[in-house]
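You will see two complexes here that share chain A, one where it goes with chain B and one where it goes with chain C.
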Partner chain A sequence: MSTSAVTSEALAATAPPEMRQRQWRVLARATMSQWRSRIGLVIVVVMVLIAIFGPLLAPHPPTAFVSAPNSPAGQNGLLFGSDGIGRDVWSRFLYGGRTVLGMAVASTIIGVGLGLIIGLAAAYFKGWIDEVLMRISDVFMAFPQIVLALLLVAAFGPSVPLIILIVGISHAPRVARVIRGAAVQITERDFVKAAEAVGEPRRRIIFGELLPNVTSPLLVECGLRLTFSIGLIAGLNFIGAGLQPPIADWGVMISENRLAVTVQPWGVVLPVLAIALLTIGTNLLTDGFARAAIGLDRGE
Partner chain B sequence: MSKFLVRRILLGLLTLFLVSVVVFAATQALPGNAAIAILGRNATPARVAALTRQLHLNESALSQYTHWLGNILHGNLGISAATQQAVTKYIGGRLANSAFLVLVSALVAVPLSIALGVFMAVRRDKPTDHVLSVGTLGLAAVPEFVIGIALILLLATNASHVLPAVSLIPPGEHAWNVPKVVILPAATLILAVTPYISRIMRASMVEVLESDYVTMARLKGLPNRTVIWRHAVPNAIVPAIQVSALQLAWMAGGVVMVEFVFSYPGIGTALIDAVGNRDIPVVQALALIIAAVYVVVNLGADVITVLVTPRLRTAAR
Partner chain C sequence: MAVAEPPTTTAVTVRELKIDLVSSGSDIVDQIVLDVRAGDVLGLVGESGSGKTTVGMALMGYCRPGGRVTGGEILIDGRPLAKMAAGELRKLRGGTVSYIPQDPGTALNPALRIGRQLSEMLEAHTAGASAEQRRVRIRETLEEVALPNDDEFLRRYPHQLSGGQQQRVAIAMAFACRPHVIVCDEPTTGLDVTTQARVLETIRDLCRSHNVAAVYVSHDLAVVAELADQVAVMYAGRIVERGPRDAIFSAPRHPYTRKLLRAVPDLEGRRAVVGIGGRAPLPGDRPSGCFFHPRCDLATDQCRAQFPPATGMGGHIVHCYHAEEALTALPTTGEMTAAAQAGETVITVENVNATYGHNHVLHDIDLTVRRNECVALVGESGSGKTTIARCIAGLHTDWTGEIKLNDRSLPESARRRTAEARKQIQYVFQNPYASLNPRRTVGQTIARQLQLFFPQNRRETGRRVAECLERVALSSAAANRYPDQLSGGERQRVAVARALAAEPSLLVCDEITSALDVSVQAAIVELLRELRVQTGLSMLFITHNLALIRTIADRVVVMTEGKIVESGPTLDVFTSPSAAYTEKLLANTPTVEAALQH
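Coming up: the complex of A and B.
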């Protein structure tokens, strides 16, 4: 999303609140006028509703043994049959979204928050602080995210808080680069110089003057990192580095059921579809927003 | 130009050095006895003592690190805790298998994505372009292990059993001698990188097709095919090449999950197995190797970018 650096110019900090609100409304309308955003929004809403309210609809507890192992769909009143040890596939699927979504959202908040602070600090202070922060970012970006996660799981063992933290930390340098790129130009603008001249505290300049001007790239980063978080966290749960059986989780379900896929495909098909749809939805929506933000800047 | 290269390479070396510090700090400088962490809780005191001596664990962290790095630079990656084999021997063949998988995937994915990007650009704003644009955008988001499992569901189960779901390679045999097992993992990687390259190619091609010299070529009455492949594509291909290099770097990490899904005997499966066994020497070696490949390929991508962009080439002098 290298293009997102320009978007920051769209919402000038000097604009009064009413005007800024209007600009947001224009941006929302421009986002929703595109088919990709509409499709994305529908998918995201449906998947999030399933993840949050699914457990309320589940006919059985996720870990209860309700049938003979691997009974086919429709038998014993089980919509999608039972898994390898006789648990209801449909109930486990309805329970399995909360964990993925919750962990992904938490790691996105950590990663984007950390990246935002690092990026703004590097852009504002410049000089050696910028240099040091960016070099440290380079080192963490020298590991593919999955490898950094596995390295720390090897050291500390599989653990949910650790996974959330590592995935967040592995996002941070990537977010920081984008935010720094967007904020660097803002630091040269007159209203920042003016704020400095009247002696506003640095903290207020960073969060009061710079932050409101990087909101579009920040939102794009949130969407992008959420998409990647879902994939990474589902993957880590899938390989057994995060949540452990018998917890009902989409990633765990895929790994539990994939060897029996020829006799009981639903245990794999449902969570695979769910993860795919969720990531597709968040990405379509993010792309729609990013396009709308760039379009606004060009004055289209 | 050479000044830029030297600076970039020195920075790359610095990054690699810091990477080794991170790998060491994360795995060996742990609180508690690393020898017990490596050998497991049931290790005999004699073995713990031997490993403590071997890894210089009773010395300072700095001296441990220099011993460790010195060994690595001499090609000694230690002994695998799980298999008691030399790590170099354990991962050597797997490294070749992974390299083969990445190479095959890249050789198919790059031309395929460029052709797809050109096709989308030529069909710009027609229904096929819209469908392909949204389709590639969606595919770009799907995690690679999900793509792999979807391929297994479609092509390797009762639905249509055309390809093996598990990439079994007899021990001592190389992947290139058993090409059938490479198809599905390679297809997964190809599907994972194609959206990125083709979308960039489409965007770049759309811009070029609007330029004056393309209009000129068309006015001269050149056949459409010539205009596209002789005049437009060579001018639009640079961003696609850059992004291809970046995707090649991504594959260094991307193979991890994909190999695991298919139990393909490469470094990715080895890394996940080693994490499961807490086989620290193997994890250290593989994390270092993957990070090194990632850094080097990224550096290559940067250099390519400068070489093919005249504006940057003069600026870098």
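Coming up: the complex of A and C.
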């Protein structure tokens, strides 16, 4: 009997009875086995559903005057009363999630995408490219994100695409740092050297060899930056540097209704709760995922 | 000061020891029976995952997290470990039973001076002894392990010592409290052969002179043959055979032991090594009956039904129904087939000097590899052998001189070479755990290599991937696996398959078997030999294992400190080495055969 034949048969014979699950399914299961992730997921799903389908449930248009200013909850059939100029608080709340969520998601995609490319490039090319990219990142990171955003809004005026871009760019250096850290170790591994030796194009090494090995930190960054984006964008809208009244937006709502908070608290409480829950939910989910990914990567 | 008592009883007795995984309840080791007399060395051999380290640790009353002793007993000097209180156990560890770790670099505290660490050990175990007595003891022990014992040395930190010196310090720490039992967990794996030989000698001498019972855990049969008086062979958590060293090595009776010996390359005579097919089962996944039966040629229904009881006499115990049959049916040596004739020169290295920053690591290297030839590059760690390989593959670019492929000069970096040149020279890395992308299936990895060198359609590539896997004796089902679903040997086969997919003329193998078990190493070596016969491939085989070279190489190049000190046909170099360094290497390489002769 030749040994080759034995080995070949043995491999087939010792193959685990059920083909092992794809890594993503394993990761998803590890994530969902934790209470934090389950709670996070429920919160996020509920808040996202409100943001997306809320307008369909709204009894009034968000900018229609339907009652006397600052009517208390329950009066005139308004669930949570009316705001300072007589608009329905409940309807405005149901409308107000789309903008925050949409802008936050868009800026997260821009920020993480940009950070990913910078981080991978710095890790792979090393040397002066790494130095230049990282020092520029340091300069950006020296400014608090909100200050940077305010500065640029003040310079160019508030507009939705600009805010998305600014928030995204302010995330990029932070993401780049994390991704670079994860990718630097990967570039030292032999499979990257093997790809070098056969002349694999650099683009393919970066996106084909490095990227798949930093997906865990990448997803954690997505969740984390989404959390920050929600807070930052709601904050900008609150300050008045973002969306402008009369648009129904949670940040704008808080700002509009804060003076009347003693008379008509719902105009502030609802959007504050919504923003808080959304950030807490995404954070719990991300945290659960990060823990699962660490456990899994360690097992490799 | 405690004086070692004369040997009246056996120092270590293990009876039917069973250690389970807490999580699943499946056993890691079971039915372990051992006796070690004072002054004797027991070699506990087995391949990775056989449970040998678990047994070694259990002798110190320690179980790794997730494991639990659920049956049997361990007696140290006649006292059962299970009945000891926590405080007593602490006294026992390091005092009565001490431990020499695999990697002294991590076992020594890098922030403490050597003297301080040795002194702490004594303070913990010989309470009441004065500082002066401790100092005397430290000096004595350091002298015994052949280290300097002046104040200057004691003031050093671990990083100021070489690997061999660090291991000696660890040995000194183990012997300082005059233990009765010492557990060594592969203490020489990270060391060069010359250092290893000295460390082994030290351990043996100390055990004899202090009447210490030693349990030497190792995967290296040659080392165990040199050192041990008694040998126990472990497979899948069971001891399958145990007995006096000579009996185990000259007339092994368990098929596993016999096959294992056949996998060990021999320094003395050129013979083929034969691997063991299949893979060792993991805890919880073990077959019925005798655990070795799926890989055994002699297996019968009886073997599949029930684990064989201990049989044998004169202290040579074997767990096999077919022990008598095995003696004749399974040879432990194999004949070598003649190698093919070498052809024209494939690669020429001329006058190459390489540097890492300001470090000049290669000096005037000249080397040729001809078609169908296997040239072994041998040297100890730091000799520059890997650097040569990386220069040839274009991975290390900081060199001057000339490297020619088929008489055409190559640029330094792989990236600046032609696609044809990159295709012709393929590199296989030492560690198969790092050389495959963990996020890609085996099929994807090999398919990419094919697409890079042979642009073709998807279906064609799929067929070729299956062919490539078949060539390295893997089933085509492996294509859908991720590397972490494969064993080390299977991963290395995949790495070889990837290299061969390019249809190279030169395969550069950088210590490709050093991370693998000996039975797996043999299978890979066999595979490479077959491939050479079939395809006329040339190989540059880099290794520190001289015995392996004897088996695989046509020519040998010996290196030290970045210089080539000797080169020539394998037989000539081994039988009449011209360089003193080669002679030293050969003399220090442990072998089973040589060990049995003295």
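One rule holds for everything that comes next: the second predicted complex is superposed on the first by the 278 of 300 C-alpha atoms of A that agree within 3 Å, B and C clash if a C-alpha of one lies under 4 Å from a C-alpha of the other, contacts with A are read in each partner's own complex, and residues count from 1 in each chain.
As a working rule, contacts are C-beta pairs under 8 Å (C-beta built on N, C-alpha and C of every residue); 3 or more make two chains touch, one makes a residue touch a chain.
Everything numeric in this text was worked out from a predicted model, so none of it was measured.
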Query: Should A:Glu209 be classified as contacting the first partner (chain B), the second (chain C), both, or neither?
result: second
Message: Which partner chains sit in contact with A:Arg38 here, chain B, chain C, both or neither? Use first/second/both/neither.
response: neither
- prompt: When the two structures are overlaid on chain A, which partner does A:Gly240 contact: first (chain B), second (chain C), both, or neither?
  reply: first
- request: With both structures superposed, pick whichever of chain B and chain C touches the larger number of chain A residues.
  value: B
Task: For A:Val198, select first, second, both or neither according to whether it touches chain B, chain C, the two together, or no partner.
output: second
- prompt: So in the complex, which bits of chain A are touching chain B?
  reply: 35-36, 39, 135, 138-140, 142-147, 150-155, 157, 227, 230-232, 234-235, 238-241, 254, 258, 261-262, 265, 268-269, 272, 275-276, 279-280, 282-284, 287
Message: Touching residues of chain B toward chain A in the complex: what are they?
response: 11, 14-16, 18-19, 22-23, 26-27, 30, 37, 130, 134, 137-146, 149-150, 152-153, 157-158, 165, 250, 252-254, 256-257, 260, 271-272, 274-276, 278-280, 283, 286-287, 290-291, 294-295, 298
Task: Provide the residue numbers of chain A that touch chain C in the complex, in ascending order.
output: 1, 3-16, 19-20, 23, 189-191, 193-194, 196-200, 208-209, 212-213, 215, 300
Residue numbers on chain C that touch chain A, as the complex places them: 274-279, 281, 294-295, 297, 393-395, 414-415, 417, 419, 422-423, 425-427, 429-431, 434-440, 448-449, 452-453, 470, 473-475, 477-478, 480, 482, 484-485, 490, 498, 502, 523, 526-527, 530
